[in-house]
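Shared chain: chain A. Partners: chain B in the first complex, chain C in the second.
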Partner chain A sequence: MPETPGPTVQTPEVRLPPQTFWSRVRLRVFRPWMVKFCAGYIVLVCLIAIFVPFLATGKPYTCIIPAHHGVPMRREYPLFRDLTTVSWVLLVVAAALAVQAGMVFVTRRLPPDPRRQRRRVSLALVTAATVLASMLIVTLHHNQLDATNYRAMAARGEITQAIFAPIPWGYAAMEPLSKNLINKLPSQRHWLGTDGEGRDVLSRLLWSTRVAMGIGFISQFIALAIGVLVGAMTGYFSGAVDILLMRLVEIVESIPTFFLILTFVAIYGRHIFYIMVILGVTGWTGYARLLRAEFLHLRQLDYVTAAEAAGLPLWRVLFRHILPNGITPVLVAASFGLAGAVTIESSLSYLGVGVRPPTPSWGEMLNAAGNPATVFHWWQALGPGMMLFITVLAFNIVGESFRDTLDPRNVNAG
Partner chain B sequence: MNNRFTVKDFLYMLLLVAALVLLGLILGSLNYQTGQLVSLRKQITAGNQLQLEAISRLHGVVGEAPASTRRAPSQVNIRETLANGDRYVCYPNPPLFPGSPYKLPGYAPGGWLVQNLGTEPHSLIPFVTRSATGNEVQAEVLESLLARNPVTLHWVPWLSRSYLVAKNGLKITFKLRRRARFSNGDPVLASDVVFSFNTMMNPHVNDAQNWPYYSDVKSCVAAGKRTVIFTFKEPYFKALEEVGGFSILPQKVYQFTKASQYNTRSRLLVGSGPYVLYRWAAGQQMVLKKNPRYWGPPPVFNRIVFRFIENPQSALATYLRGEIDSDGVEPSQWRKYTVEPGFTARNHCYKYLTSSAGFLYVGWNLKKPMFQDRRTRVALAMLVNVPALIKTFLYGMAVPITGPFNPLSPQNDRKIKPIPYDPAAAKILLHKAGWRMGPNGVLVQNGREFKFSLLIPSQQPLIQKICVYLQRQWATAGIDCRISPEEFSIMIRRLNHRQFTATLLGWTGSIEMDPYQIFDSRSYLDEGSNAGDFDNAEADKLIAQGRREINTARRMRIWHHLQRVIYGQQPYLFLFTSDSLSFIQQRFRNTKPVGKFGLNPANWYVPLKQQRYP
Partner chain C sequence: MTSYIIRRLLLMVPTLVGMTFLLFAVVRFAPGLREAGQANVAQGMMQSRQAQRQEELLVARRLHLVDKNGHPISLPMQYLLWLKSTCEGHLGTSLEYPEPVLKLIAQRLPVTLTINLIAMLVIYLVAVPGGLLAALYRDRLFDRGYGLISLALYSLPAIWVGSSLLGFFANPEFFNWFPAAGLHSTNTQSMDFFQYIGDYFYHITLPIVCSTYAGFAILSKQVRGSILENLGQDYIRTARAKGVKGSTVLVRHVFRNSLLTLITLTGMALPGLLGGSVIVEQIFSIDGMGRLAYTATLARDLPVIQTVALIGSVLTLLSYLAVDICYAIADPRVSYA
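Up next, the complex of A and B:
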């Protein structure tokens, strides 16, 4: 093996400095432009989901209310004042991710050991801070109800120096009915037109990324948590535990998720949270099966025996030593699961049992656009249809690329 | 490996046996049900010959209209007031109402009528079914003592031959028609009427919603084989309509010893009507077949198929594919299609307001502290611009209302001024009612925020649109309303158990409604229809007065007064009564709405050449 790159070297990975398993995987997975594009798209959608309150809202970032009725002139920040609890938590999470990414960047040139240690410490701190901040927000923050029509106020001169978001319409914003903005075609004012209630379609489209990403990530997080736990237990212990838990897996697999959600929603009322939880609680079986297979294989390896012989506690053997070596197929499956969850939510909303109105969701928007056989407004269906299609495709392409890279039968695999 | 019989194998065997036993039980119960059907069929065949004879005797040939051309003196319809003040009405033959198709040129019986029912009814148990769609199916199979002329609105004898109403309104005597028969061939007898009435009033039969209308009936007795006498404790303006309007069931078929038997036979539907229930494929469709032994004017269609398509978009798409023959459409659909060139020529399109059309309202749960102040409820109404709402979402195809009565009904007082759309005044009223702006932008009264959830049926795009508008309007005043769409049956359960704060729903109407069911304080009990607990002494008094008043003009004055009280109190936010909009396939004839009830599919027919199904 040549130590330095030379003209004779064909394979690109040899040119790279020796790196960890994951950094090599990363390089290989994201090599095709298509995967790069898809990954970029997913990141973009996530960013939109986090920052949409600043992108599409009828409330100005800031404005000045002139003196009136003896009240002195004052500057207000309606947008920031009215951020919801969910928005704040998302912002905190985004900030935490940014901090951790910064830490990774800063420590990238350090030797492996201090690098790993610093990253770990910062991760612990950031996680603790995020959890604490989120709990504080959830307990102390109250959502504000503010249906003031700031655009109309600005037009009438009742507020001045107002700075509006790029898309100055909220997802539920309705102009007074007298203006009749129902089902209007795309225009300069409304780039993607308006819907049957006279609301801006683009704004709703951006806001609906929240529901889609929320459903996808949270349901798969729950599914992964359960799946990893059950898979690890069955694979490691085998025997009676295996038999019992695998029967549990079979029972859960026999539940038709879609109809369970329909029934649940019919009985307990609809809430996006229920859908997330049900998708998570019924969607873990595939992960458990994959991980069980990995654990059955890995627990026989010498390093596991060594770890056991060293007297490490069980959870450490399971989750520190075996899990990192067996988790990859599960993560790959999770990316497909994510796409599936997004689709299921859209189907539910399309059937009218998903989110509550006026919360936007792709399926709900497609449903509201009408039926191609009868009354149909194409501009209302175009955006959500495309977004749904590309998002599901993107997750699948990225997942597929991961799978190809990690496939042990693939010679070039990490 | 080894083929020994182990514990595991034993367990498998046990499981297999258990599965077989279970299967046997299921099959057994099926068998039991079919057994019941077989015995029913035997009864039907027994009555077959008799019935055919009766029909041929009366109509000459089956399929021809029972036009009573030979007018013997006894064949003349009588409608007179006797010397002692009693009212006597006698129709020797079942009447043909205006709009009946039998004498029209080109009339041909046969073919099928495929209709969309919308929501599938839970059950078809007479009296127990609460859904409007269940009643629609029952209307084809069950009949009552009287029927209503859609033009004159007179009640005329149907299963009965004559009726006699005592002058004081406390006694009504029905004489039954000799030829009236149930579909199993048994004649309709006084004992069946008494059985039906007792079943309806049986406290263990789940039909509490019917009881208020019959609370004044003192007795229902059979005086002879074909004479039934109803006596009343007090006069009631709807007495004739109610005792003449309930369904008559064959005692032989429905006989039960425990009410629970009656309450659970959800698929048993046998009556004397023109159709019989033939097949009910749950979730798909319900098929009614022509009753071959029908005693009255022969039904037009060989079959009536009801399909269950809830979503209006899908329903219209199905209609356009020709899979259903008529469709009640939404205003947006009406607007799009009626302007399409040639569409009105290819389809019958009807837009009309019936005097039996219902209304849409937002009902408040007045048990909740936030809605107890009248000013709050008025303010909530002031925040809603109903005319603009009708113009925008219904394209003007509705009429705003100022009370629970139909705008076309004489019950309705047109002089009542609607509450104006006035957000500024609404805010002042809310302030007067003690609501102050809280820290979260939501009004607060006695430390409680003005937050509530609005229960609405899902799958109703129009209702959802209206709700989104209402939510927005109320939010401008600092009222936080959450929309909570529920599946219809769940929603009704929550209303019955009073587990709601506010709801947006409709009531079906009638030419003259009895406000007791919805607005009397006693209707809150027993899962009655006054779900919001509107409890107003003056309204109760007026309702009682109105119900006792036989004189129409005086009664209308009482209703007008009552309407003022109700509209002033605003237990509901009254929205509008909307036009009925219908598309019907071109091949049907005689489809025009007749009189005041709108479309009547019983009048439709398809010319022989255009009939699509045998």
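Up next, the complex of A and C:
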């Protein structure tokens, strides 16, 4: 008797959400409300770091200088004239990020693009434009020193229709000694009080985000770049390469970073650039070790053999096939590393070997809060302490969430 | 086992050579070596030019920059000479203080060591039971709360906590409960032993608080993780099934297996024990290793910097080795044959 085919089962069309790495990150890592809150806080701090020249400065966005001595009335834009090179570059980078995010948002409704050609082209274009614009700014723009006290001018009626920033104090603007506004508690005029030189604490608090985020992100970017390269090499090629590079890892590991920075500062003077580079150049060993372990395991898997057999170039096998599967522990560590870099910078600035005055940094502000055993201006310490604490905690909570949800070696991974 | 240790020690040699080379390079290529010599000279009063030159030569000679006749020595030779004298135990004399580096370290090390040992004891006494309980009450209120609180403590910046503790609790303006600086009162001579110890603990309370609170998170997280991992093993179910008491299962079966994690973490903490925290020692004015290294660095006191860094690096390497050996002792499954 011939076999009668059973009724064919109609499998319903189930549209699964795309299971890319980043969609998994979005769905799982950022699910708890606290992690969402922390991520939001970090984004907020980054936005403050970029846009702080518009938030806390003594220069008005715009004002009108009335006609005087035969000069006709004219409209001026002191704030924009006063922007530094760094501010302009940050604005360009922010604009590029916004454009790229908009591009992703717009193209996600279009038909699928399996090779991600569109995204890649737009990324390349935006990156090229950003780099070009930044280089132009760095070569052409010169910082101007505008010491005009626009607030006083507005008060005297020498300028009209002035629109000031929400916090009309620059980070270095000092209250005149005559006004007796030094080391004052919070008031209507200075929302978080003033410090020992009569500067607005809130303004300095916000400007400090630049140093903190700059050190955190740039140093960890350097560390990740070196760590990924060395980790991939040691894990993929065993033998001589591995033995040699691991000795390098051990040597770098045994260098006390804190003292290396101190030595550099003692010898070459203090500069934020040294801190960034030294933190980056000594901080990669953990990433390299983590990635080495992942590569040792992953390179034995069949899909890697298949990729090799297909004749793909080495960098493609390493960085497109193996790396994405082994990057998770590194991401976890990078999140903690960022928090660590922010802490180290603040400690150095506290000891007086970090940023150069009058650049504000949370550590420097804590130090300026007075000799705690005799005079302790608590309102000067509260703000930077809280900001440091919450920033570091936010990075740590995001890192914990990464580890709990994505790390394959975590026993609790759901 | 012996062959394993020998192999590991041999592997340490290239690392050590690389490290000493690095140390040498950092110090030798540092500009301002001359100034360091001159600063030393400036301490002496009213010296003639001749005497100044002599003094400078002496410093240069101590740092192996010139030979007996005052001729400059080539860099590789400088390195070898420095290495030779270091291996012989001549670690040089401090440029800041008129004392040998080793004597300075011998003065400062006990201070840091006692404080760090007490701090470590406190950390272990809190974090190990904490991690154990968090594992037993997994995902319940205690676990979540303990995890969050210890993470928050971990994130608290020491500079803020330290300066606030000092500013609020050792300050006549607020509460003058604790001494602001130092380790002993001035009248230690008239105290008997117990008073002395009491005085000591009174002085180190704030520094100990400041150097312990951050340590709970990592340790208890690791303890929790490893206990959870062991709790899920088959042999635990077997032990329970054959009627072993719950507490015995925990102590004998689970905890013993979690010891490995503890050993690793302790080993990693060993170099830190001797290093001392610059921040804590600086805030509370404690003359320990951290402060010594800090002031030496800022004063470009090269022999002190070199020695402290060298000792730190060697200890780091040795403690890694010690961890691996302890592994083999604690866990019979680990073999390094």
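Please note the rule applied: the second predicted complex is superposed on the first by the 383 of 414 C-alpha atoms of A that agree within 3 Å, B and C clash if a C-alpha of one lies under 4 Å from a C-alpha of the other, contacts with A are read in each partner's own complex, and residues count from 1 in each chain.
Definition applied: a contact is a pair of C-beta atoms (placed from the backbone, for glycine too) under 8 Å apart; a residue touches a chain by one contact, two chains touch by 3 or more.
Please read all numbers here as calculations on a predicted model, not as lab measurements.
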Under the stated touch criterion, which partner chain does A:Gly196 make contact with: chain B (first), chain C (second), both, or neither? first
Answer with first, second, both or neither: which of chain B and chain C does A:Ser346 touch in the superposed model? second
Of the two partners chain B and chain C, indicate the one touching more residues belonging to chain A. C
Tell me which partner A:Glu253 touches in the superposition: chain B (first), chain C (second), both or neither. second
Name the contact category of A:Glu400: first (chain B only), second (chain C only), both, or neither. second
Mind working out whether A:Ile182 is in touch with chain B, chain C, both or neither, as first, second, both or neither? first
Give one of first, second, both or neither to describe whether A:Ile267 is in contact with chain B, with chain C, with both, or with none. both
Using the touch definition from the top, say if A:Asp146 reaches chain B (first), chain C (second), both or neither. first
Classify the contacts of A:Leu388 with the two partner chains as first (chain B alone), second (chain C alone), both, or neither. second
Which superposed partner A:Leu366 touches (first chain B, second chain C, both, neither): second
Based on the A-chain superposition described above, do chain B and chain C contact any of the same residues on chain A, and if so which? 266-267, 353, 370, 373-375
What part of chain B is in contact with chain A in the complex they form? 311, 313-314, 316-317, 320-321, 332-333, 336, 385, 388-389, 391-393, 439-442, 458-459, 461, 464-465, 467-469, 471-472, 475-476, 478, 480, 482-487, 490
Chain A - residues contacting chain B, complex: 82, 142-149, 172, 174, 176-178, 180, 182, 196-198, 265-267, 269-270, 352-353, 356-358, 368, 370-371, 373-375
Considering the complex alone, what residue numbers of chain A touch chain C? 247-248, 250-251, 253-256, 258-260, 262-263, 266-268, 339, 343, 346-347, 350-351, 353, 363, 366-367, 369-370, 372-376, 378, 381, 384-385, 388-389, 392-393, 396-397, 400, 410-412
In the complex, chain C touches chain A at residues 11, 14-15, 18-19, 22, 26, 30-32, 151-152, 154-160, 163-164, 166-168, 170-171, 173-174, 180-181, 225, 228-229, 232, 275, 278-279, 282-283, 293-294, 297-300, 305, 308-309, 312-313, 316-317
